[in-house]
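Note that the chains take the letters A, B, C and D in the order they are written out, and that residue 1 is the start of every chain.
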Amino acid sequence: MEEESELSIHEECGIFGIWDPAGDCARTVYYGLYALQHRGQEACGIAAINDRELSFHKDVGLVGEVFDAGRLDQLNGTMAVGHVRYATTGGNRRENAQPLTLKYVKGTLAVAHNGNLVNTQELRTAFEYRGAIFQTTTDSELIAYAIAQERLRCSCVEDAVCQAVKGLRGAYSLLVMSPQKLIAVRDPWGFRPLCMGRRGEAILFASESCALSAVGAELVREVEPGEIVVVENGEITSIRENCVNASSHMCIFEYIYFARPDSILCGQSVHMARRQAGRLLARSSPAEADVVIGVPDSGLDAAMGYAEESGIPYGIGLVKNRYVGRTFITPGQQSREQAVRIKLGALRSCVEGKRVVMIDDSIVRGTTSRQIVSLLREAGAAQVHMRVSSPPFLAPCHFGTDIPDRDELIACRYSMEEIQTLIGADSLAFLRREDLHQMVPDATCGFCEGCFTGTYPIRF
Amino acid sequence: MEEESELSIHEECGIFGIWDPAGDCARTVYYGLYALQHRGQEACGIAAINDRELSFHKDVGLVGEVFDAGRLDQLNGTMAVGHVRYATTGGNRRENAQPLTLKYVKGTLAVAHNGNLVNTQELRTAFEYRGAIFQTTTDSELIAYAIAQERLRCSCVEDAVCQAVKGLRGAYSLLVMSPQKLIAVRDPWGFRPLCMGRRGEAILFASESCALSAVGAELVREVEPGEIVVVENGEITSIRENCVNASSHMCIFEYIYFARPDSILCGQSVHMARRQAGRLLARSSPAEADVVIGVPDSGLDAAMGYAEESGIPYGIGLVKNRYVGRTFITPGQQSREQAVRIKLGALRSCVEGKRVVMIDDSIVRGTTSRQIVSLLREAGAAQVHMRVSSPPFLAPCHFGTDIPDRDELIACRYSMEEIQTLIGADSLAFLRREDLHQMVPDATCGFCEGCFTGTYPIRF
Amino acid sequence: MEEESELSIHEECGIFGIWDPAGDCARTVYYGLYALQHRGQEACGIAAINDRELSFHKDVGLVGEVFDAGRLDQLNGTMAVGHVRYATTGGNRRENAQPLTLKYVKGTLAVAHNGNLVNTQELRTAFEYRGAIFQTTTDSELIAYAIAQERLRCSCVEDAVCQAVKGLRGAYSLLVMSPQKLIAVRDPWGFRPLCMGRRGEAILFASESCALSAVGAELVREVEPGEIVVVENGEITSIRENCVNASSHMCIFEYIYFARPDSILCGQSVHMARRQAGRLLARSSPAEADVVIGVPDSGLDAAMGYAEESGIPYGIGLVKNRYVGRTFITPGQQSREQAVRIKLGALRSCVEGKRVVMIDDSIVRGTTSRQIVSLLREAGAAQVHMRVSSPPFLAPCHFGTDIPDRDELIACRYSMEEIQTLIGADSLAFLRREDLHQMVPDATCGFCEGCFTGTYPIRF
Amino acid sequence: MEEESELSIHEECGIFGIWDPAGDCARTVYYGLYALQHRGQEACGIAAINDRELSFHKDVGLVGEVFDAGRLDQLNGTMAVGHVRYATTGGNRRENAQPLTLKYVKGTLAVAHNGNLVNTQELRTAFEYRGAIFQTTTDSELIAYAIAQERLRCSCVEDAVCQAVKGLRGAYSLLVMSPQKLIAVRDPWGFRPLCMGRRGEAILFASESCALSAVGAELVREVEPGEIVVVENGEITSIRENCVNASSHMCIFEYIYFARPDSILCGQSVHMARRQAGRLLARSSPAEADVVIGVPDSGLDAAMGYAEESGIPYGIGLVKNRYVGRTFITPGQQSREQAVRIKLGALRSCVEGKRVVMIDDSIVRGTTSRQIVSLLREAGAAQVHMRVSSPPFLAPCHFGTDIPDRDELIACRYSMEEIQTLIGADSLAFLRREDLHQMVPDATCGFCEGCFTGTYPIRF
């Protein structure tokens, strides 16, 4: 994956929720959000219910920046939901931080959303024609409206949620919290992950299982596509009215890049999927080489798999600078080539005089790949064979990631040979599209591969 | 007025707006808000329209803290509205900062509100029963909803505003900004001030005329009670459909304390009103004394008037520390008496051996008055005769200030003699209620004196 | 005094110290520095001794910005000294924050200095030629070196201080704190004020008596020119070895502008001195007028005096915006004239149609005076007669204030008539130099009037 | 290495300097410090010379926090030195940020120091007995004094530096910058690394070669133990007066943990040394196992080496959370065991049912190792064999790292068997001390192994 923040792909959110009669829920959510921080680094928030009273805090910034011990103590509570957010651009970002908290006809609600709807404009317009006002540009606000309006007709909040989401088309893994209930919802297509866990009496929900492990909870199961799970006083109820029989469509790029390698999504270890991608790549696109290296961090697992399958030794060829973050001042025009040097250091002792297989998880625009190839050559690599552990991006994503439009995707604009030349590699190969499913043998779900095929599970 | 911030009375808002084809409107609003900062120190914001696009910035803090040159340059624009806010308490204050900005059926709106509605709960419930969600606790959000819903039936935004405010009961001076129009609204009772000004081609609105002067504009006139003034492309239209013939009810405490002395409200100079209050007080409650001093800053004008009328020399007896602000660490329990010493210094050379008339604008709980009397005695005052340039508070305010409930008002709990004893003064007198109207001879409006009488212009 | 911060005159420091067996000294210093904040707004610091251990905190910013409750609790202590600083310009200001804290041959010292030495360069060079290094540009560091070097020859710290200051020429009011002693020092010329107070067992020192009052202490006496007062375990010792019989040279501008009106310096009330200046001015430069107003805050006392003496009524003609501080964005080139409007509001009701006497304490470059005159005329003043309650500045100050060089002083560049024209006043008069001493009849000291005469008590 | 920040070992500094006639030196130093940030995360600073004028900025915080584009532009310059600092504890840390900047007899100097002197107290006392004052607790200040004093006798700054360092005993890699010269110094023992690089005309110095690569410079050579390299106007002069023939004593722990794996120190690749440590460990302490994993990041290279030598497959068994930083709120007493879960995630798919060899670089107190073993068992590891790629710590470090005293070192308090039990591992082995030198076959220097042996190159 390309390293320059402005050029890389971002997941748009992570969510975490807990019901725990022992209290201190905001603190657990804090740790859970730390474990999901890779899913969104721009804003975050926690809302908690303490004796039926809602309190919340949210702001732009990393979890460690937005929350301190005092803030957490103020939140506390026996139920809490949290959110980490990545947003594209725009000045008024603070307004979009989640969870969204609100008052409606039956009291308070908190809503945290991961995903992206495709019928947003249509829904907004419909609400606006009934007099609605929108203060944010988030889908959460739209969903909250839908719930509020259904609530007028429904006898309980979970029924309102169930009716409300029927009108939503697109990706949504949701946590909704009322003064007494914690409700987890996943769209019928199952685009975004959402799992359930337990820790003693406590019941938890998280975008990825790594967040459950981080707080000492056990993964119980996925929330199923279309399912609504309601937690009230420790009782778990499942509403499957929106579950459909059609196959599900989990985002396959979660396995390739977004999710943390120690997460298990739909029964499939993310780490194992990446290693398997490396193995498949070694079979389909072998290389005569002396060492296999991965671009840290996301290319390492696949590099290991490639090495295992090919018998070429695995090596550490690039070291990542752990301190380059949002405040980093990018070198100016004349020395933009230099940015990659600060972010990645080449290990001369590993690559000098060697034929190197360099594995990355994907190529978006190709800029960073070219710089890394050049860095390796400078460090003495005799040859650089680039292998990409996913197929080429051929279409944008509409379901919660920022894979860009076709005119920015290198694979839409150039042939394989041209890309290889642009990048400066001695050879270049991608994971074959037909091998994608072999990458995730343990997964109990179907997949959305829209970004690789341009065919999406929902027509729009 | 009592000096300890937690004990003093606060106006709840100030608003400022401008249409100026020359642009740079956000900067003018910035200076206007500086001049209105005394009306609200807790949060502030500016929204601007630039080529029909809305941008905004708001946060908790003083104008000088929330805005820097970069922020202003980003806003810019040929129309802009701003708001300074004082809020009672509560953790999630940032959410309540104004102007409220929103999208509705016809695009974007910005709403800035000064005042307080009395039928809030009733209106909220009605909206909630139509599926509305509320993300703040401000009246602005409610008003925005009302406008959005009326807009469905009305052919233009000003008509929607006109219909929407018909349902509001209470105090509202409003600025509403759509992509093409700047709309100023005042409630039919005329509780809160709102005036209109001009600077070349530019048209401006401000809570007080001092803000017009601050930006080099001229006061044209008040927005009348019930009037809606619409500015579009430099054309001014007035909608008087909501104007009623009944007498208006301007908050008389604006003259006594809230407004800046260099403001002119409804034709009446605030400074002159205060001086006149001092004169009336000198007639109704004379004192045998050697010097008349005012508690800075709000008691100074009345002290001058008392001195003029009584012939007793005016003196400067107390010096205010200009640096005590929100970050000041109040001395602990054991030394709370000391807080006033840091905020006010007594001028021994002025009061030593003298019989002192000490004028303040009002007494809420009496705590600070007691400390000031004690400070003056310590500085050698032979006698301290306290005169208050307003009648005693007998009832809370429901229209946009935080005059508290009866059980916190000293005048509701104790007799004049008891208060005098509690405060430690040698004599004590308040402005007579029957003299209130003589205080504002030039005013072209009627008044709300609810906090002094318990009788309000609106029944609720 | 001119209002624009970049054009006004600044005192360069204020100091405060306390020995109190009851502890909590840092907190008392905090309140004392609040009362001295007008003497320096750029940086501040507190050093405390707790059981012989030194701790400190200092930074750029106002007292309320640099310290919070947690910081004060960390400092605590049974002795403490503090400093507020105004510095001219330059980027590395944090390094110059005081008190200076250091380790030397006998342990730790803290040094806080108010004043300015005139033989700095000579002393620095001498030290450098003995191998010294200087990490700041403050006189405090130089003084600390001098003490450290004398300490090698002296049997106690106070003797070292006594010997060290013999080499210093210029203004210094010093507080020096060793693990067991609090030492107050004033230069033999007595340029800068320094007084001693008591509060129960506690012994205090402050630049001005207003700071003693602020913490509930009583003014005992001035530290005399040349005197060294040593406090150890509650015992006060005075070393007068450096006291000389020659008359002292207190900065007379302290009375005119720097000091707070509720301070008493050398027996003379500052407020009374200013009022007296007004009276003298009324006698020497009467005016046919209807009202006398002062430029707030520093011109108010003199305006009262002028009104008293002349019989012309005193009025409030200008209102100061209390919120304009360091973060204020000054209007750009085209509208610089406007800055004064935001800082000062004219009271039309007071000046309209009137012949106005406008009193300010001094004129430096004349820019602000011109703007104020223009503001008053705009508000309808028929005539504006400017009276200045000090003589014209004719020379810079070398002893701790930033009165600039002759080429920036309007009175050095233009005749009275020219200045009057530049300012746009109908008449203009300054306090006569020969009246200066009559201004301070109660003062028990002599004066430095160098800025008005160009003749200084020290030749250099 | 143990992960909990309070328990891990820290290098105490990194330095970087450049002379570049093309200018923009502060920006290059900024990028260089980013690459050295792992050597110190507590404070940092840059000093630059621009046309002989010194400017600087330094503060507590990471490079990305302390500097923004504006700060760098202000510094600029054709020479600059920078410093990253780790400091043990204490409140007044800002004062200790480096480079130290000062004025002395010949103008200005900036001094940046990496290392630790052992005769500090003796030197300080000597200086104090000559009247010196110390404002920081850094060795840099002491060194600056020494230079300043020698400068009185020497004809140029480099001679003064040469004489000054003769009195220093301990570790010092120094950069000294005068208005015209950039001087690099390394102590005769060669404890801390310091290398020289080139980029076009520019001449650079850095603690590690990775910082040279980061700015696109080439490693030229090490500054030799005892050598002084002077850069003036592009001319490089070497003073070897302090070079001694005795073998050098480079800190061997630089290879094991401190340095970045892509650095080359004294001809030896750090990555290769770690991999070699793993290989040696596999030979001396084999294990019957199914997978070899490293504790990220510092244990990964050694794990690869162990895998290579043993033939046991290399695996990724632990994932590090990249977002846990200084602001992380450590879980309370009751759940301290949980902290490691948030910092490290175990890869169940990698370790479940497996016999795991887990490699870390060192054990200090054993706490984190115990938690990691427990985490692996929870993730299903059948056995956990811990291998440590350095010998046990038996003594503290006095030369610039914070390896603690014997009573805190687990290997000083317990036998191997006891440690294995405490940690809960199935077996435990350390790198043999006799194998240490085999770890660094390419190194052209001798070593200090004091922390493993208790025998130091300098007696004290």
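What we mean here is this: a residue touches a chain if its C-beta (ideal position, glycine included) is under 8 Å from a C-beta of that chain, and two chains touch if they have at least 3 such contacts.
Just so it is clear, the model here is predicted, and its values are computed rather than measured.
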item	value
Centroid comparison with chain B (C-alpha atoms), farthest chain	D
Mean-CA-position distance for chain C and chain B (Å)	35
Separation of mean Cα positions, chain D and chain B [Å, integer]	60
Centroid spacing, where centroids are CA-atom means, of chain A and chain B in whole angstrom	49
Two or more partner chains touched - positions in chain D	none
Pairs of chains, among all present, that meet the touch criterion	A-B, A-D, B-C, C-D
Residue ranges of chain D touching chain C (in the complex, touch as defined)	55-57, 74, 91-92, 94, 100-105, 109, 124, 128-135, 141, 144-145, 148-149, 151-152
Chain A partner contacts - residues on chain D that touch it in the complex	27, 30-31, 34-35, 37-38, 41, 62-65, 67-69, 72, 210, 213-216, 260-262, 264, 269, 271-272, 297, 300-301, 304, 308, 313-316, 319, 321-329, 331, 335, 338, 341-342, 345-350
